[in-house]
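Below: a set of structures, written as structure tokens.
You will see two complexes here that share chain A, one where it goes with chain B and one where it goes with chain C.
Let's look at the complex of A and B:
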């Protein structure tokens, strides 16, 4: 371990931040070479660098937001699940990977179809028919090799959801139906895992952070009947923009939660109206 | 009679009697009126998907409104 740290220190270079502050940095190619030399993962090499006050260059612009090197270490040691890899989840997973959330569970049983091309950033004309979970894994591997991206290309059900999500620090609800959203909330309560709810329809979007035991979805949706979906998006559809907006806000909540920021959208529903150009925050029953 | 403050959001803004907006507006109702009575007065069709929050708390249609309460009506959205 000592030897590993020493090797990393030898590869560190002095640099100057855009604000004019000097710092020690390590490049992606140096991280790769030291990880391969010591047969360890890219993630382990990055964490060891950070523990020695050396900033992997790829995170340099994030540190001001995530609470410095300690915050980045917290993120690299975190495990998040993205439930649903459509308009919301496909982008959310990539943003989490770019921020360096160390383990990402990518859950969706669907494959890409043509009607996804208008809004799902992972869908391309070339990958129609491919599993969303696998496409997401491949994309994340290209974006940040420090992240363990684990695809699960099946739908979450009552039978598999608990074992699937156990051990996660946060779960992003990027689903497209109320039945599974409520199943997820129930599971999160049981496993004591916070979830970040996001939903979209046409010009509108909403976000809320639900901690285990909060009323959460029960406070948001009226008279939910199991198996009956009643969001207005079924009629109005979803464009390219609102999923991106809501996914970004969900990821920001997840990052805040993982680095222990207290200012969460808890017991509040943020409702975004991009047609009128307004945001409402509705207090919810705890 | 009681006076409440109502606000209609997103797709429901079109039922605002003062013109399409989510700005709150005052509504007079007989005492004992429910959210359902309010929806009728605002000509919101029963088939339109919606949910109501009274003073930020979600309530069912038979909730009896009180003087000065703020009622926000939103459509449910659930897409991903």
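Let's look at the complex of A and C:
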């Protein structure tokens, strides 16, 4: 371990901050080289660098918003699940990877279809018919090789959801139906995992952070009518913009939670109205 | 008389004469029950059916009604009295991902 740290220190480069303070960084090619030399993962190399006060260059611009190097270490050691890889989840998974959340479980049984092209960032004309979970994994591997991206290309059900999510630090609810959203909330409560809820329809979006035991979806949806599983979005559609806004806000909540920031959207529903150009934070019944 | 500002979100906006804000005149001392009666009278049975169940005896539970951004469950429910310039919104549940 000592030898590993020394090798990383030798590859570090000194930089000067705008405030005139010296600091050390390490490039992606150096991280790759030292990881290969010591037969360890890119993630292990990055964590060792950070523990030695050396910033992997890819996170240089993030550190001011994640609580510095200790915060980045927390993120790299975190495990998050993204449930649903459509408009919300496809972007959310990529943003989590760019922030360096170390393990991402990518859950969706669907494949890309043409009607996804208007708003799902992972959908391309070339990958129609391919599994969303596999496409997301491949994209994340290209964006940040430090992240362990684990695809699960099946729908979450009562039979598999508990074993699937056990061990996660946070789960992003990017689903498109209430039945699975409520199943997720029940499982999160059982496993004591926080979840970040997001939903969209037309020009509107909403986000809320639900800690285990909170009223959460019960306060948001109030009466869950079985059989009435799809909402107004089926009729009114979704543009490219609202899922991007909501996904970004969900990821910001997840990052705050993982680095132990206290100011969460808990028992509050952030309601975004892009038609009027307004956001409201609505108090929920706790 | 007082004027309140009414906004419907998504499909409810369409039923309220189009998305955007609408000014509705009420007699002083009116509450939300009075406002909803006026809206249904003005915009017709399609709005009534979207808002109520049980032949109009009960509002749909999944609709969120706000006065000045605050859910009416934290106010006086449908008996919440309205003042000049109050903003009233009806938000249906969003479920898409």
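Convention: the second predicted complex is superposed on the first by the 279 of 286 C-alpha atoms of A that agree within 3 Å, B and C clash if a C-alpha of one lies under 4 Å from a C-alpha of the other, contacts with A are read in each partner's own complex, and residues count from 1 in each chain.
Note that a contact is a pair of C-beta atoms (placed from the backbone, for glycine too) under 8 Å apart; a residue touches a chain by one contact, two chains touch by 3 or more.
It should be emphasised that the depicted structure is a prediction, and the values quoted were computed from it without experimental measurement.
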| item | value |
| --- | --- |
| When chain B and chain C are modelled together on chain A, clash or fit | clash |
| Which superposed partner A:185 touches (first chain B, second chain C, both, neither) | neither |
| Touching partner for A:206 - first (chain B), second (chain C), both, neither | both |
| Partner chain(s) touched by A:25 [first = chain B, second = chain C, both, neither] | neither |
| On chain A, the residue positions that both chain B and chain C contact, one per complex | 84, 86-89, 174-178, 181, 198-206, 220-223, 229-234, 236, 238, 243, 271, 273, 275-276, 280, 282-285 |
| Complex contact set, residues of chain A against chain C | 84, 86-89, 174-178, 181, 198-206, 220-223, 225, 229-236, 238, 243, 271, 273, 275-276, 280-285 |
| Chain C residues touching chain A - in the complex, by the definition given at the top | 7, 9-11, 19-21, 60-62, 64, 66, 69-71, 73-74, 91-97 |
| Chain A-touching residues of chain B, taken from the complex the two chains share | 9-11, 13, 21-22, 49-53, 56-58, 60, 72, 74-80 |
| Touch list for chain A against partner chain B, complex | 84, 86-89, 174-178, 181, 198-206, 219-223, 229-234, 236, 238, 243, 271, 273, 275-276, 278, 280, 282-285 |
